Amino acid sequence: MKRLILLVVSVVLAFSAFGQEKIIIRIAGHSVDKPVKEALIRDVVAPKLPPNVEVVFEPVVDDYKQWLLTMLAAGTPPDIFYVDVYWAEEVVKTGRVRALDEFLAKSEILKKEDLIPVLVDAFTVDGKLYAISKDFNSLVVFFNKDMFDAKGVPYPSTDDDWFTFWDKVRRVHNPPEWVGICLNPDFARFLPFAFAAGMPFLNPDGTAPFARPEAIAAAEWFSAPIREGFGATAADLGVGWPGAAFVEEKAAVVIEGGWLIPPIREGAPLMKFGTTFLPTFGGRRGNYLFTVGYGMPVDEILPSKRPDLVWKVIELLTSPEAQSYILSIGHAIPSRAALLSHPVLASPADPFQEAMRTVFIATGLPGTVPFSFAPVGSIYHVVVAEALTKIFTGELSPAAAMQEAAKKLNAELKR
Amino acid sequence: MTEQRQVDQAWFARRRRAKAAFVYAFLGAMALAVVGPFIYAVFSAFKVNPLEWPPSLNIPRLWPPNWVSAWNLGIQAGNNGWLGGWAPGRALSLDVVFFYPPGVEGDLRVEILRPTGRSTYQPPDPRSVTHVEIENVEEHHGPEGYEKTFRITLRNLGTQTYPVLPLAVVGPPNSKFLRATLAPNSVRGLGTTAYWDNLVSGVLGYIFSYFIQAWTEFRDRLGNPIFPRWVRNSFIIAIGKVIVALLFAPLAGYALARLHFPGRNLLFFLVMFTMMVPQQVTFISNYVLLRDGLFGISRLFGRDSLLNSYWALFLPALVSSLGVIMMKQFFESIPVELEEAARIDGAGIFRIYTRIILPMAKPALAVLAILTFQGSWNEFFWPLVVLRDMEMFTLPIGLLFFRQYYGAAGGANWNLILSGTVISAIPVIIVFVLFQRHFVEGFRLSGIK
Amino acid sequence: MGKGAGLSRPPFMSWLRGPRRNELFWAFLFLLPLLWTLGVAFAYAFFRALWWSFCDYDLFASPKFVGLANYAKLFADLHFLKALFHSLSFAVIVTFTQTFLALLLAIALNQKIRGLTFFRAAFYTPSILSSVIVGLIFIWFTYRRGVVNFLLTVARNYHPYFLSFLGLVIVMQSTLVLWGRKRGFPVRAFDPVYLWISLFVGGVGTFFLGHFRLIQPKSMPPVDIIWLETAEKFLGIPRPLWAIMALNIGTTVPTMMLFFLAGLQDVPRELYEVAELDGASWWAKLWYVTIPALRPVMFLVITLGLIGTLQMFDQAAITSGVAPLDSVITLAYYVYWNMFGAGGLPRVGMAAAAAIFLAVLTLVVVLIQRRVGIGEKAW
């Protein structure tokens, strides 16, 4: 009898000791996210986990993607890591990222339908989902209402097409106090318009599409402010990026994403500004989706050896509560579709919340594509960037520059 | 053919003096060119936007009238002119002047803003407990319009002290903000809106706002500021290294100078040789050594790897070759007779070392200490390799991270980066100013090895 | 370095017995930290690096011997070749420019200077601050809309003022010199007293010209040179590297000049007096007295300079976040980059091979210097 009790007691003790074993779940991400992440973990995630589980955010200071590839190859990744849509496919192709479909199917608080469809597509490779989008961004038009009022020009709106839009920008252009638009020769701003004009990612035969008439028309339209003088680049205005020109009231209009919201909040909290979707061409609108998601390594190299627990942490990080928290801090726009009914987004109380709502809806519009250049790779946007720079400096005409870009890309593709 | 005049000494003396004047002028210009950038950097750490173009020297935080205003506001807010803080029940007043062109009418709108920052550490928010009163105090008519002065009185109706009181004052459309008792941080809204990020900072809080921000804003998971940790790490390592150097370098230097043992010349040659071999050769092995916990010894103490720790910064190089050579040369300059006399008196090597040699070595030890401190404080390569955890960074690595974090295109805060730079330069500058003589001695010795 | 002044060297065995044993014990004890450092952190590390340079090793699996494959791969790697080219050109250009500039300045300014302490303090400022601080201020200065471009813009806009100033000075100086010579004084072309007068007149004259709007500053568009965030080259060397060279030269020349100045002032006056008695011109004095006297010091400075600049790492690492990698990469940075920077696992074999190469290169440079250098006392 005594022995039995002893056995039972020791088994019970063993189990409770096992239960008390401290488990550390590590999340790795960009170092700039450290404050927000740690607050999120402290306030939203940790309270819902058993006391012996600790979630730690480990910021990565160097080139994040290189670090992640190194870690995956070495077999020592963190439990959860950021996955940027820009290089998602490259990382998934290492074969060391876990597909999450089975977790999604079993989950009670996170279902595929909960997420905005384009975000699901962004992280789907070969039919399987590899990351849960934590937040996203896309491009919208920011405009300074005071400047438009001062010049008596109607605000840009969702009805604008390319021509009415430039017309308004021309009219609000007011040298030397402010320029109509601050625009950099940035491929990430140009390509959505090119796609809206009908340019495909690649020609059906696999060659570069930049010499097509639609592409050239888009390049001519896009560079009009610089060539005709009603816009300026950031460097011309003495700032580091168009967002700074907008905050410092040097430009009436910029095309940026939700990341412009915190700088406006910091630099000019009472600015009267508005946001609207990008202008259309022939009824079509293009946009880029920038998003980062949470991914997990495959079970064999999962450090904590508890895939279910790690998934639970991901669920908590993307739960409505967590996303609400992030939304109210105003740092990013979360990925759950239902959040559209969150008061911040449903009835925006100030220009910032309005801006977030605009970005949120703009992302879901048709024509939005994930910001990714697989399978061609970065050479695609490098040649576009070079072409844009030459157009903006006046070195080449839009047509000549785009044809040169097409030639360069074709030469690379042949290799 | 003109003949040479007999020229007196005074004429040549004038020439010599004029040439000397040129020499001094040139040296002065060179000094300005070398020190100028740092001084400008220090000044710019006080600017709202050090990246402004064109760069100007009109810096509100360095303008004495603003200091007086900040002091007064601090006194009004809580009897603390130095550090400010808005105590319960206190009221403070700010005068603002707006220009109203003809035909423009309307009152000011005053808004308390939510205190923000780059981290999630939120100071308490005074919005709900502030009572605002606006009085139109004066009006000047002019041919072009009115200059209206308003007095804004803010009262703290709450029960706690608020360290931050950010304010925005908005005039009616087409009005223009002219000036106020305390210069605003920025004026936007096409001139109608003036922003202050903290009215109750007190003089010190006002002048050094970006230094304070650099020191406190960036925090870790538990809410502790990280910049002070970097300073602490740098100090601990530097002082530790000085102690280690003062203990070990003279020992080795004396052994090489005065003790006889086989392979002495070979050893010395080896020491010289190490100064030529770049760190890049030896760091790989030392990195792996630390990663594996120094042949596994660290496992005895419960650590798998010694990376990312103070040990990693001390262990591989306990003695610097330069220090050893410097001490050796110094000891060689001490007359042998002294030691021989002591030996005849029966003193052992250890006694000779501690009683006679070391006390005489004070000047050289001073140089060694200073050089070691400066070398350790500024060390870059090795900490870069072994320190991965943000809390363990030393100042140079931390500053590099600051640039990445605060210098990114989307919202550069170079005033914080420059403030961090100035803070990290202060200890070395102090040591240098106090002990300049020894520094130069050290540089000279390191050159003529 | 003195050899133990003529002491006889007893055979090794006698060290272990007798009175010498005590000394050996204490020597060993005193040398323990040094032996640790030299043994583990240097010798062991050096040979391990050498071994790994012949291996394929990624810090996780065990090293695999591959012979000279890594070295071959080095020379096929474009990044390495660029790094090599950068390091060599950096070393040569910076060392020789800074040495000769410092020498010229020291010769030009050679005289008793009072208040040297103050100047020394100023000139030493960059040396005592960390390379990160100097580097960050450098990055900030060379921004596209930064201080350097601003000063260039102002200079360009005010060039009428400079030209008129220069013109006035030249005219005034020539007049004064010719007038002085006519009156029989032994006036030299750059006579200091007249030069001060000319400068004063030039300054005042330019001021009034500007005041009465006879000359005006231009308002040209701002100078927009991108110093760091570019891959453009000038004479085959990337522009960011030129900028770093300028930084190095600018921060080293002042202190080096003081160093040469001290050396110059050690040259015995008698040598100069003898030369003057022989009727030597200033050029002859320079060539036959000054430079030979400074030769040993110069060789030392050049040797140290070459070693230091070949191993340049800090500035490359600090600016690598802003400038393209291939524009600032040096050999030392290449080693680091192979360990911690490039994608994938650390390439220890390549890093070690590059490091050994750098060490050998440094050694070669030193040996060449020793051969070419004559009579230097400092080794």
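Order of writing sets the labels: A, B and C. Residues in every chain begin at 1.
As a working rule, a residue touches a chain if its C-beta (ideal position, glycine included) is under 8 Å from a C-beta of that chain, and two chains touch if they have at least 3 such contacts.
All figures in this text were calculated on a predicted structure; none of them were measured in a lab.
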| item | value |
| --- | --- |
| Most widely separated chain from subunit C, with each centre as the mean of CA atoms | A |
| Centre-most chain, if every chain is reduced to its averaged C-alpha atoms | B |
| Selected pair, greater C-beta contact count between B-C and A-C | B-C |
| Separation of mean Cα positions, subunit B and subunit A [Å, integer] | 36 |
| Rounded Å distance between subunit A and subunit C, as computed from the means of their C-alpha atoms | 45 |
| Centre distance in Å when subunit B and subunit C are each reduced to the mean of their C-alpha atoms | 25 |
| Per-residue multi-chain contacts in subunit A, two or more chains | 238-239 |
| Junction residues of subunit C, two or more chains touched | 145, 340 |
| Sites on subunit B at which at least two other chains make contact | 51, 53, 404 |
| Complex interface listing, subunit B residues touching subunit C | 2-5, 7, 11, 14-15, 18-24, 26-27, 30-31, 33-35, 37-38, 40-41, 50-51, 53-55, 247-248, 251-252, 254-256, 259-262, 264-265, 267-268, 270-271, 274, 276-289, 291, 315-319, 324, 332, 348-350, 353, 374, 377-378, 380-381, 384-385, 395-397, 399-400, 403-404, 414, 417-418, 421, 424-425, 428-429, 432-433, 436, 439-440, 443-444, 447-449 |
| Complex contacts: residues of subunit B adjacent to subunit A | 51-53, 111, 113-114, 116, 118-121, 168, 170, 173, 186, 188-190, 192-193, 195, 218-221, 388, 390, 401, 404-405, 408-412 |
| Complex contact set, residues of subunit A against subunit B | 31-32, 34-36, 38-39, 41-42, 56-57, 59, 61, 146-147, 149-150, 238-241, 243-244, 248-249, 259, 262-263, 265-272, 329 |
| Complex interface listing, subunit A residues touching subunit C | 62-63, 65-66, 69-70, 73-75, 235, 238-239 |
| In the complex, subunit C residues that touch subunit A | 58, 60, 144-145, 224, 340-346 |
